[in-house]
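Shared between the two complexes below is chain A, which has chain B as its partner in the first and chain C in the second.
Our next item is the complex of A and B:
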């Protein structure tokens, strides 16, 4: 445990570690301080931060743009939900099945793309295509109730059942908080290890990486596989939190776009970017919604327009994302990566 | 003594244009071997074939007795052949140190060990003080040295240098020549370089091969080769001979 802590904090500015500790402590006590409504907003933020962190392994670390990460969310959600509703298998065992399924799917997509030299924009299009295949496929798949949707039984919560993930939003909040922390730690461990250096080299210049002896095909496959497996937990969480699954929702391109907005706005390739981006984006969007409601204004689509404006602002004013700028302001810049 | 690198009748065509035409030569272990020739003579194509970036259309390339023609670039590197690029390609957003760490990790599991090795190399190439800068912020001479350091970090037996002196000032060239000579002497790494800067070739190479229009027109000790009438005619020009004579 101590060794892990040393490993995690090694090379990080002291101030960053302290700030991270304060942030985590604040998040731990948050449910006691805010309303139930805000807890569900925080759940959404952490959910997006978690997904963004997983997506970042592919794009931020390895430079492979996936615009179809919804496929891994959907696979995770459906595998766990089907196992639960049909066979009574709990979500944690479901996760043990969901992760390999999503990982295998990622490996296949990666294999097909990288084997045939599909890169850049074409790779991104391919990831969209696979997510669309999955959406249309699940729309016609009887075992998951096709387009009619899959529903998890909702009972009155007498008590929180962590083992079966049935309970109050507060319980879900702590689950997703723990998961986000785990994803953060995992990414920090990955990026400071051998595989992380190789990923960064591939991101920077694939041909030069190959000239340095890196089997770029293999390491890109690793990136997709790990990213997919990590993302699948978000799907399991999604299924058990919302209790309903429709292919049109989980596999939808808007789900995939939602995942990448956080890290893009927060800072692609940074550890804090996904978290910060999710906070800024969802936080501001929710404030906007509440403000509109308070003034009795009904503006459908205001949220989407707001997302678009945020994205425009960041692309123009802070092309590296908010975090690198904020980190400099706070004096907690990570070592150059 | 068997050669470390042995090319036999290696050819490469691009749509009917013969870029490299049945070139054969041997590089002995520990040698400093230079390939010179006018622009478009096929030097870089030859390099790319050795480094696995291009596949030969004919002939064989053997490294340490094993055929390597047609292997991928990363596989060639893992066997002990490291290269630099004519147009330098450091990893721009990574720090100078991390650029070299990536190379050093090829045969090391531990990042800490790779970092130690990287620091040793950075000191050798006078880049230690700049190790925390982004590679993109370096000047061209620094980037060239960084490329050599990264290539050496992979622990090669053969180092392929593609015009590392181009664009350097004479004093920087002399510094690079001295560093390469030291490395060759200390670690015994064989160096094969493509070079236009004759000052560096004459100072460094123990053996020179001259390519012209894809054909090897001369091979031998540098002093002999520069006096070869065919080489003077196709590449060096009459002026070089006269300057040398002075």
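Our next item is the complex of A and C:
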């Protein structure tokens, strides 16, 4: 445990460790301080931060742009939900099935793409194609109720059952907070290990990495597989938190784009980017929503236009995202980015 | 089912495919020259579709004639977009360009949603239910007009790039960016022009598309993906490839809709894309990058 802590904090400025501790402590006590509504907003933020962290392994660390991460969320969600509703298998055992399924799917996509030299924009489009393929496929798949959607029995809020993930939003909040923390630690460990350095080398210059003796094909496959497996937990969480699943929603390209917005706005390839981006984006969108409601304006597309504007602004004005800029301001520049 | 049912559906699919091809041609021209993947392509088409619908419902103007002014409007839009927003991104990494256009696409879809609401809109022309009889075939008049117009526009575009001075200059930019700069071509203007031409193609295609399908604000992403599928299938940057890809996808969708269920038809288009990307990533008519 102590060795792990040393490893995690090695090379990070003391101030960063302290600020991170304060942030985590704040998040732990948050449910007692804020309203129930804000707890659900925080759940959404952490969910997006978690997904963004997983996506970052592919794009941020290895430089492979995936625009179809919805497929891993969807697979995770459907595997766990089908096991739960049809066979009564609990979510944690469901996760044990969901993770290999998503990882295998990621490995297959990666294998096909990288074996045949599909890179850059073509790779991004291929990931969209697979996600769309899955969306339409699940829309016609009888075992998951096709387009009619899959529903989990609605939770009784009388007591929290962590084992079966049935309970109050506060319980879900702690589950996703723990998951986000785990993803953060995992990414920190990965990026400071041998595999992480290989990934960074591939991201910076794949030809040079290969020339230096890195088996780029294998390490790119590792990146997709790990990213997919991590993402699949978000799907399991999604299924048990929202209790309903529609292929139209989980596999949709807008789901995939929402996943990438956080890390892009926060800072691609940074450890704090996904969390920061999710906070900024969801926070601003929620404020906009309540402002619109307060003025009695009902515009269904307004929130999305706002997302688009944010993305446009960040891509044009802050191409590296908010975190690198904020890190300099706070004096906590990470050594490994 | 008798064979002429298949034939009828196949001909309809090919004609729709020609319009798809024109739409994809716009994407292909933009990528071939400017080297930017226009991720807002289908969204630009939905702008054109709404223009056609509004012009028709307000003034009863036929989309087939209105496609000229609509293409002109889209040309201006594309020109302004390239010179104002995209040009500084030419030297940025690919994913950065991609995200810029994703942002634009999100904004277009939802602004359309705010203005027009979520309901589907249609154009009901006088000839909407007419058809031509050709032996055992019964072909929709609207699709015949649209397909023919798509061929004419594509031919004009080929001629423009082949025989005019500006067209030659644009091809020079596509072939060798530095060389084009050296001989004194105004590359930025030519890029803006190219983006405008690509947008005009999709504008014309959008106007015609209103004769074939209903328009909703969320139709944009579907057509962006379809345009990608077509262009990659045919070969990114190849103009005849875009048309051939369009016909192939139109045909596949029509037959898949007949043999399976219409809602599953785009699965087959994506299936073709996956196969092409894996076994012939440069597309049917594309050249392998050196």
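Here, the second predicted complex is superposed on the first by the 334 of 337 C-alpha atoms of A that agree within 3 Å, B and C clash if a C-alpha of one lies under 4 Å from a C-alpha of the other, contacts with A are read in each partner's own complex, and residues count from 1 in each chain.
Simple rule for what comes next: contacts are C-beta pairs under 8 Å (C-beta built on N, C-alpha and C of every residue); 3 or more make two chains touch, one makes a residue touch a chain.
Keep in mind that this is a model prediction, so the values were computed, not measured.
Engineer: Mind working out whether A:215 is in touch with chain B, chain C, both or neither, as first, second, both or neither?
Structural biologist: In the superposition, A:215 touches chain B alone.
Engineer: Examine A:128 and indicate which partner it touches, taking first as chain B and second as chain C; both and neither are also allowed.
Structural biologist: In the superposition, A:128 contacts chain C only.
Engineer: For A:193, is the partner it touches chain B (first), chain C (second), both, or none of the two (neither)?
Structural biologist: Only chain B; A:193 stays clear of chain C.
Engineer: In the overlay, work out which of chain B or chain C sits against more residues of chain A.
Structural biologist: C
Engineer: Let me test your reading of the model: by the given contact rule, A:207 touches which partner, first (chain B), second (chain C), both or neither?
Structural biologist: After superposition on chain A, A:207 lies in contact with chain B alone.
Engineer: In the overlay, answer first, second, both or neither for which of chain B and chain C A:36 touches.
Structural biologist: A:36 contacts neither chain B nor chain C.
Engineer: Which residues form the common part of the chain A surface touched by chain B and by chain C?
Structural biologist: The overlap between the chain B and chain C interfaces on chain A is empty, containing no residue.
Engineer: Could you pull out which chain B residues touch chain A in their complex?
Structural biologist: 51, 53, 72-75, 77-78, 82-83, 85, 89-95, 98, 101-103, 105-106, 109-111, 114, 132-134, 150-151, 154
Engineer: Touching chain A in the complex: which residues of chain C?
Structural biologist: Touch residues, chain C against chain A: 37, 85, 92, 94-96, 98-100, 102-107, 109-114, 118, 217, 221, 225, 228-229, 232, 261, 263-264, 266-267, 270-271, 273-274, 277-279, 281.
Engineer: Over in the complex, which chain A residues touch chain C? Could you list them?
Structural biologist: Its residues touching chain C are 59, 65, 67, 112-113, 116-118, 120-122, 124-126, 128-130, 132-133, 136-137, 139-140, 147, 253-254, 257, 260, 264, 268, 299-302, 304-305, 307-309, 311-312, 315-316, 319.
Engineer: Can you name the residues of chain A that touch chain B in the complex?
Structural biologist: Interface residues on chain A, with respect to chain B: 192-194, 197-198, 200-201, 204-205, 207-216, 335-337.
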